[in-house]
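See structure below.
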Amino acid sequence: MRISFIGLGNMGRPIAASLLKAGFDLTVWNRSPHRADDLVAAGAARAASPAEASRADVVITMLADDAAVAQVAFEGRLVERLPRDAVHVSMSTISVRLSQRLAAAHQEHGGTYVSAPVFGRPEAAAAAKLFVVCAGPEPAIERMQPIFDVIGQRTFRFGERPEQANVVKLSGNFLIASVIESLGEAFALTRKSGIDPHAYIDMLTATLFAAPVYRTYGGLIADERYHPAGFRLPLGLKDVSLVLEAARDQNVPLPIASLVRDRMIEGLAQGFEDADWSVLGAVAARAAGL
Amino acid sequence: MRISFIGLGNMGRPIAASLLKAGFDLTVWNRSPHRADDLVAAGAARAASPAEASRADVVITMLADDAAVAQVAFEGRLVERLPRDAVHVSMSTISVRLSQRLAAAHQEHGGTYVSAPVFGRPEAAAAAKLFVVCAGPEPAIERMQPIFDVIGQRTFRFGERPEQANVVKLSGNFLIASVIESLGEAFALTRKSGIDPHAYIDMLTATLFAAPVYRTYGGLIADERYHPAGFRLPLGLKDVSLVLEAARDQNVPLPIASLVRDRMIEGLAQGFEDADWSVLGAVAARAAGL
Amino acid sequence: MRISFIGLGNMGRPIAASLLKAGFDLTVWNRSPHRADDLVAAGAARAASPAEASRADVVITMLADDAAVAQVAFEGRLVERLPRDAVHVSMSTISVRLSQRLAAAHQEHGGTYVSAPVFGRPEAAAAAKLFVVCAGPEPAIERMQPIFDVIGQRTFRFGERPEQANVVKLSGNFLIASVIESLGEAFALTRKSGIDPHAYIDMLTATLFAAPVYRTYGGLIADERYHPAGFRLPLGLKDVSLVLEAARDQNVPLPIASLVRDRMIEGLAQGFEDADWSVLGAVAARAAGL
Amino acid sequence: MRISFIGLGNMGRPIAASLLKAGFDLTVWNRSPHRADDLVAAGAARAASPAEASRADVVITMLADDAAVAQVAFEGRLVERLPRDAVHVSMSTISVRLSQRLAAAHQEHGGTYVSAPVFGRPEAAAAAKLFVVCAGPEPAIERMQPIFDVIGQRTFRFGERPEQANVVKLSGNFLIASVIESLGEAFALTRKSGIDPHAYIDMLTATLFAAPVYRTYGGLIADERYHPAGFRLPLGLKDVSLVLEAARDQNVPLPIASLVRDRMIEGLAQGFEDADWSVLGAVAARAAGL
């Protein structure tokens, strides 16, 4: 199975490396070619363009946003050059609308589209411990399973329509954002009441809230450690905007997402553009006069 | 150490039983006396009134709400009859204001007040697996520790001012309510997108949200199983109102709490008075036209 | 018709003066007696206590808040001393709950209770141009009409239950608060877009928004003139809290009121305690980084 | 001065008729040509395409939305065919982004762009009583003033950058939406309190809220008369979304706009797609269990 991998950013590079190490026949492409050097040195082939990379059994894209994926898929001609029966696996966190558009375009050109965004940060990608959330035609998903097994610790399947995976992924990011905002508010209250923030988060994560998301973001807010950013505030705002768009397309109100969006914009107005999205904790603190 | 236990509801009864089993010299009182029968049969003494129960080294109250605690403490004369150097431990989820008032009143009468609300449902109380959140004068807390060790799996201390424990407890309930509301919204979106709710919550709780609060409430919403209520919606509204009051007293805005409060009221307007507070999932579904 | 007037603050004094000028037999009482001096010099009788003032055909209370009204009515024994068939007219902006309680108490003691809060600021009171919003038993209202005609430019009747007038009054204050908040947001956007705030409010009030409330508050926000306060922020928060309480008692969610409440608390956290409630414009500007 | 008028919908037709009646040399174009028949019969010339209509001193567009304006301006080649020194006046309620793009595109091709959206409904357009909100280069605005004088009762100028007029227009629609939502909430509360809705709105509009916007929308909500729609809910949602986008581009949080957006989506989920946007009153009533 020949695999092409397009997009060698902080997430794409370790994923591609896992595939290479597992013995797959791998071709890579990245806009800044130098980011492919390590992989090429380790045995990957280098494609000169997305179009060239499209000649494979499986083409995986792991790119920054909708614009980058659309660029590769349409202007870069991935959609039209993908061989019949080959599969395009999109791992980026993209909009439901783009996922629907990709599914339709691939169908028109005889290819197959699978959406498989992942939960996990670069460290998890490097350790091949990602969680893969996928949707698309069952047979194609079956064929992709060996790939998912190599890069992730577990795969979750959500339906025949690829965009369903994007709904799940975006709703997951919405839940994370809700946790950050609610923790920000709770910390503002407890700090103003003279309660030690580390004792507070330790209690929470030792009891009902013993989950990674509370440990990670609770720790960052307790420490007021918003730099360097693991995930920058504008990216958080992008994802919350995408979930609001997806919900709007289905006539689903998401009042907490709207509230979080406003607080993120407030954070940008206060100059937190380069901060981690947990900086919502600072926005809540400032609103409370801390 | 003679302990009096006032309030033998769903939480109070198993806690009192644990204390009795551990060998403490226990006196009990409950407004409906028959709820004390089992404990008396097992060796506890029965007090004829709160005032009589107040003659002890430690008086624990575990009552429904502010009104019930104030009734016992002031009209019932617990505050004035508590022996000098004895300790009143309040385990109920009460307001910060009442806790401040109790602390001041006890101080005036020579007694000591400790606030020690707990996290955990009746099953956890029966298994002596509660989490105790306490605050108050350090020496009194030290003396109470053997009691907390008997009823809970772990104790968390939060400061010298008893009401700090109430802030922590109320903020914890606020965080639970936030989880319920955000899950309700996420389920509305994913269900409308054709995603199986059980597959969805399984994925969440297997990954970033692997915490009891997501398992419990995610399961209830996925099942749309809002009866019988583990914790009724009006009680949830009471606690969210108390956290908003506490935050208002400190000039801390809590926009998510305000939003949740409105959704709870919407739920009451729809007749969900006897439903579990996870019925916010049904409110979100209905707003989405499901 | 002997009238007693209790409460000679910024609103009460000019109202009482209008009644005196109109020839009514007037007795006055105020906690700080010196505020009654002018009226006594002009012919009013001075009561030594609320209880003494209660011996009249009509007792009007115009006091700061629920606590002050309850103090006069219950501790001050207005309710029990009011003659049979006499009428207590409450003009203060008080809670629906207190109005219900007063109606019940008066009924029990043989008196009649009418609620008649007013719209208008001290200048309008001095010019006898208030708007009177009243509710209560029809015959009593009829008897009070000559009084309302003297102090206001128009009377609006809303029902047989006195608290209905309080609902109307509180909901009106809620609408004013909504106007302030929405103007604050609109100004933040237009100012950040380089639009002159005075040109902006001039356009609004010359077109669709040609109403006093937009002129008054739009002007204050355009000028950023939040001192001296015509109506202080904490009083605005009190009224928004009362409308939320009244709505909660009827199971009516008021999401805009909740949002405004949070912004007011944010304003208090920023030190705007002595500012006019139009200072919500400054809160919105600050959130936008202005 | 030769004027071309593009877009003969409910607003465009009466405006074009006013210009013709005032003696301007008028050419018209509409996608459905038959809507131009009356005007042509009355003396207007008919253009075969937007491109042909672009050969004029002034080209006015009054189209449904961003897509329609962009279609005419770019694919229809208005921008490139507009004569040097001629002026494109956009009267539609379009996005700030599109207005910026049009200004830049016209500048590149030697034309001039003026933004001049209007407040007023079709009846006001027919009576030449619109309010014109304009922005753009001062000399071009000066030249357009005779046109604005013919169609409107008053013109308001807001700056040199055309998109400033769009910010003002969108913020105005946001304020209208805020009024509708807050009235909806106030009516829910007062109706549940047994207060007659017509008496209520009569009081409001006779006092502090004596403005057209309260009369119009208060009347519709009091009557629960949401059909036929003067302005359909999806159009209201479009405008609120545009103001949120404009505010986001400037880092201005608009929490009330976010809240209104969610309620509008809730309305769509309940099947109110063809209702007037005042149907937010029904959404609020339903949330209150009415």
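Letters A, B, C and D mark the chains as written, and numbering starts fresh at 1 in each.
Just so it is clear, contacts are C-beta pairs under 8 Å (C-beta built on N, C-alpha and C of every residue); 3 or more make two chains touch, one makes a residue touch a chain.
Keep in mind it's a predicted model, so treat the numbers as computed, not measured.
Novice: Find the chain most remote from chain C, comparing centres computed as mean CA coordinates.
Specialist: A
Novice: Going by the touch criterion at the top, tell me which pair is linked by more C-beta contacts: B-D or C-D.
Specialist: Between C-D and B-D, contacts are more numerous in C-D.
Novice: Starting from the mean Cα coordinates of chain B and chain D, work out the distance between those two points in Å.
Specialist: One centre to the other, that is 53 Å.
Novice: Please compute the C-alpha centroid of chain C, do the same for chain D, then give the distance between them in whole Å.
Specialist: 38
Novice: Going by the contact rule already set, what residues in chain D reach two or more other chains?
Specialist: 247, 251-255, 259, 263, 266, 269, 287-289
Novice: Could you tell me which shape the graph of touching chains takes: line, ring, star, complete or other?
Specialist: Contact pattern: complete, every chain touching every other.
Novice: Which positions of chain D touch chain C when the two form their complex?
Specialist: Residues 119, 131, 133, 154, 156-159, 161, 163-164, 167-168, 171-172, 174-176, 178-179, 181-183, 185-186, 188-190, 192-196, 199-200, 202-204, 206-214, 243, 246-247, 250-257, 259, 263, 287-289 of chain D touch chain C in their complex.
Novice: If you look only at chain A, which of its residues touch chain C in the complex?
Specialist: Residue positions touching the partner: 255, 266, 269-271, 287-289.
Novice: Where on chain A does chain D make contact in their complex?
Specialist: 247-248, 251-255, 258-259, 261-263, 265-266, 268-269
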